[in-house]
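Both of the next two complexes hold chain A, though its partner changes from chain B to chain C.
Take a look at the complex of A and B:
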């Protein structure tokens, strides 16, 4: 069954809920590793962070894009069935909408967290 | 019952006591350096921001429960929860984060070239301090750092054993000290005086007894002090001190401690060349006098648990007094 027809829940997955936080975690990990390797291997202790900042900007754009797509899909789930049935109802449609709601909220949180991580390199411009 | 006037007096006295507690040689709320000043301002803004948010929340709670205890329109309530529970905190946190991050570049910037350089090594549980001179000679002392007033100091920090953290709350932020890695910290003292530095990272049994004295003084005074510290020890001037000097070598103290100008050249423990002139003993946790020297020689473990120095309690009391007199004379 497709997500648009939630009567059969056999192929529903909770991984959808954690997709946005995973984007945030991946963004943090890759940004951290990039800056650490850049400063330790290439730029040196007092070197410029410019290239690493560009890379982090690219990671941030990719992460926010991914989180945006997840949020869009979550919004569609949340609105499924006209959005009239209570999303905490003990029915397949209620659970479908609940997953959409939870994913949407986590997407918002992940987007803010990703932006906060990226803010660091807006202000820190060298490896010192 | 207290009268309103008595209550006001009590409140004012409590506030005065609270304000007095913010001062002192080891208070981040009484800054005497550029970095500490920025951090104190950051703390004030964070504290005021937290107080405003807390008061607003309490006011809203009182309004919802007491003032307007009636059913609400569901949609408006949902929007209010979204705004007050998510949007406003995000905006407030973002503003505070941006302000805090904007401070970082200045706080972590290295000292300008030509600044006074001081190398500090954290060891369990004391501080080895070295002032490299322009002629290549290094002046070594322990547990005391002198910094120039109104000028930057370039501190090079590392550790000989475990992770320590160098922190002079009155002058700036703290920085961890790692074995095998040199960290750089710039401090800009702005007010002359005596301050207290501490280890800010738990490093073993006597972590809480690992402090150091900090003196901020004009550059000319610092240069005079440094010139004095670079000189070898003066010979003792009293018979008791002279006997202590002989005992110092005979009892093997020189295997771990150096007293420049004598055969004692150990490097395991603190350099004692001018130990009598320091602002404290046992990493600035004890008074600098003959009685403390005597207790330290005979029962160091009772003053600093886990200390590496062995106890010399087997020495005759007369020898201990002579050693203490000698060390006190090392001005």
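Take a look at the complex of A and C:
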């Protein structure tokens, strides 16, 4: 998916638009599965969450890193061609910049939502 | 870098009047809607869309009457209007009918009607699939509602929690729910497939991703959500029905099951469903707002962000319906966080609408009233939603009338008001007439007042401690007055609905046909002639702007005079254009099927299978299933992948397109891919069930030592993967026109598939796993049964390909069938692999 070739639609994909929310979804699911399995099978109802919290922190770093990379690529699209073509222009560049901007906004939302999820392990320290 | 071809301009000169007349006559003949009793065989999106909407509206009125019955019962303390038993049936039916038979089908119906017009397409790519979906829905819905008349309706609440519904409610009420609704959910998935392929592949040339109407973006998100949200409840219903019918203990704690698994699966569907209802309704708002503000929407990219973002986040909220089930605090925290996060995109789109209205010159109209009223009510529901998303508050409010108040603010504010506003707005497209402005205002004020008078006091009754779903209450608990007020409000709301019904039903014969584009909108659906023509759009335009009717000069004239694509039906066939996903470049001239009874028969027999299963008439169910399979095969054989009389067609403006494409370029391949994504989601839910039981059972390893062993599952899995490989080989052989190799490999694939299924069954069978004894053998058997069922369908498809080639209906060049069957087998092989890895592999590593 080179951002340098907006004219050719064969290297464009809708998957790019949903990549950042997919990172959020993966982070969310894996975090939930980790803490649920940890508490239910290993730590017990009053056990410590310590190991699971470390794991969630690691997932968060990975997810935010991924979202950051997607945001960077989206930013490049958004700025493509001087960043002046209107989003509703009937040109490949307009469409290209639009996909960049939508992806960029979704990256921001996904980063915030991921941070929200991660906040739980800051405040909650056991399986109670 | 390839060079962007210049936009195609319409013909500079209109064809002569005589040519135009000939074109119109041929188009009319090709798109003629059957008349008399044959009109029920119509499959055109406008016919199906109308029937679908009318049916959904009838179910809405039915659900509304049930609501009034409940409000009468609760008007005064110790009322005896309804018995407790009846009351249970009524609230269960009310919730279920409103969600499954009104809200979701209404948006599908509306979209089937309006989406092709919005995209300047002649029809959706699979008209008979729409018809099949509609008939399934109408049949299943009627059957389901009829249960109330025989005092046999489900009574476990619209979320049917076990063990109440599995152990304490004998009779067939719950079976009505499980089977009737599963059938309707299949129809919903059919509609989702249709709408996704419609938005992605049937846009008019030039309508790039940055130019598509916001409605289509919302629809794409909502349809994709159906695909991932409905399968969990289908999987859950399957587990519960098997428990009820065959005593496999999925939710029975005495034998290792767990009722909470149902809650997970149900709400994994149930919460996204709220947004599946809400997003298409906001989509209507997004179409009305620019028209009444007389300017382009503010923040198009932001609204796309909001639609897509809401779609995703809504899948991370399901446990907030389960805050009081005793899950660990950390799990509640995660879902609480996502529940708060979803307020962000929801708020963004509302601000975009407000900004558009503030920046434009708003014209006063009935649709606008509903938009304002809906948004205001929805914001109130959203705010109480933020409250109950906080676990500590929810602990207090859970299962009280506060929740009833909250959910009705969200659903009526977020969905009913926009939908009624949408009906006022889009009514000229249905009928060529406008609804009454005066009656519209009366409808709005009655509904708006009645709604708030009904549901605002419920927050108070709830906070005072009145539980939901209790058929009466004692006097003097502080509930009396608020309940009476709610009942009065409900009747005011109902009066508003009655005025609306009158406005719809009153004779409009003397009323003049309204002008084209009566609201002076900029979007493409208003190209429609008044009254409409069956062809949808006279010629398919090239689109350069987001609001083509405002910004593309002479568009209406050029379309009407046939200066764009496909102005004619030379061969007398129904045709529309297929375009590329990103930039909507024309890639195929798609021939879509015309009227047929076969979709109705297929729906009838499929429905028969579900309905007879409800009564446990297994032989009749089997017979009906075989007939349904026969009908579907006949439908596919005679109506799909038809080899055209020529390879290409000149579609106008110097563009020549193929009439037959296969593989990822074809719409059928996309439909198969999308359907299988939904199917795979249901399978993932069953696998989730397996791991869920592992999580809660410390002694899982001991149970797993009994079976199914390693040998038989591995043999089965190996044979099925080999069958998949041979299917792919057969496809390749067909492409190279090596007939002998094709037949040999496809028939070997069939043999291996059958052998593999037998081996898979042998695993649990030879190790003596009894599915009624404990949940472990039950879930192993369920995974095996799911896989074997899919392999069975795969075998039918393999044999179908053999027959098609033998009959000359599939050739080396024309290989849609082989391509789609290969795609199906990719998913089947993956299913077999995962099943074997889970049932045979996981016990060894756990």
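Operating definition for what follows: the second predicted complex is superposed on the first by the 126 of 128 C-alpha atoms of A that agree within 3 Å, B and C clash if a C-alpha of one lies under 4 Å from a C-alpha of the other, contacts with A are read in each partner's own complex, and residues count from 1 in each chain.
We take it that a contact is a pair of C-beta atoms (placed from the backbone, for glycine too) under 8 Å apart; a residue touches a chain by one contact, two chains touch by 3 or more.
Being a predicted model, the structure only gives us computed values, none of them experimental.
Enquirer: Going by the contact rule stated at the top, is it chain B or chain C that touches a larger number of residues on chain A?
Expert: Greater contact footprint in residues on chain A: C.
Enquirer: State whether A:71 touches chain B only (first), chain C only (second), both chains, or neither.
Expert: Touch status of A:71: no partner.
Enquirer: Per the contact definition in the header, classify A:128: touching chain B only (first), chain C only (second), both, or neither.
Expert: both
Enquirer: Considering only touches as defined above, state whether A:63 meets chain B (first), chain C (second), both or neither.
Expert: neither
Enquirer: Counting only touches as set out at the top, which of chain B and chain C does A:46 meet: first, second, both, neither?
Expert: first
Enquirer: Based on the superposed arrangement, let me know which partner A:32 touches: chain B (first), chain C (second), both, or neither?
Expert: A:32 sits against chain C, while chain B stays out of touch.
Enquirer: Would you check which partner chain A:17 touches, where first means chain B only, second means chain C only, and both and neither mean what they say?
Expert: In the superposed model, A:17 contacts chain C only, not chain B.
Enquirer: Who does A:111 touch here: chain B (first), chain C (second), both, or neither?
Expert: Neither chain B nor chain C is touched by A:111.
Enquirer: In the overlaid three-chain picture, which partner chain does A:119 touch, first (chain B) or second (chain C), both, or neither?
Expert: It touches chain B and chain C both.
Enquirer: Determine where on chain A the residues touched by chain B overlap those touched by chain C, and list them.
Expert: 112, 116, 119-120, 123-124, 128
Enquirer: In the complex formed with chain A, which residues of chain C make contact?
Expert: Per the touch definition, chain C meets chain A at residues 1-4, 7, 206, 208-211, 296, 300-302, 304-305, 308-309, 311-313, 315-316, 327-331, 333-334, 336-338, 340-341, 344-345, 544-546, 580-583, 585, 695-696, 698.
Enquirer: Touching residues of chain A toward chain B in the complex: what are they?
Expert: 46, 108, 112, 116, 119-120, 122-125, 128
Enquirer: Applying the document's contact rule, which stretches of chain A touch chain C when the two form their complex?
Expert: 5, 7-9, 12-14, 17-18, 21-22, 24-25, 28, 31-32, 35-37, 39-41, 45, 49, 52, 87-92, 94-95, 98-99, 101-102, 105-106, 109-110, 112-113, 116-117, 119-121, 123-124, 127-128
Enquirer: Please give the residue numbers of chain B that touch chain A in the complex, ascending.
Expert: Touching chain A: residues 86, 90, 94, 97-98, 101-102, 104-105, 108-110, 184 of chain B.
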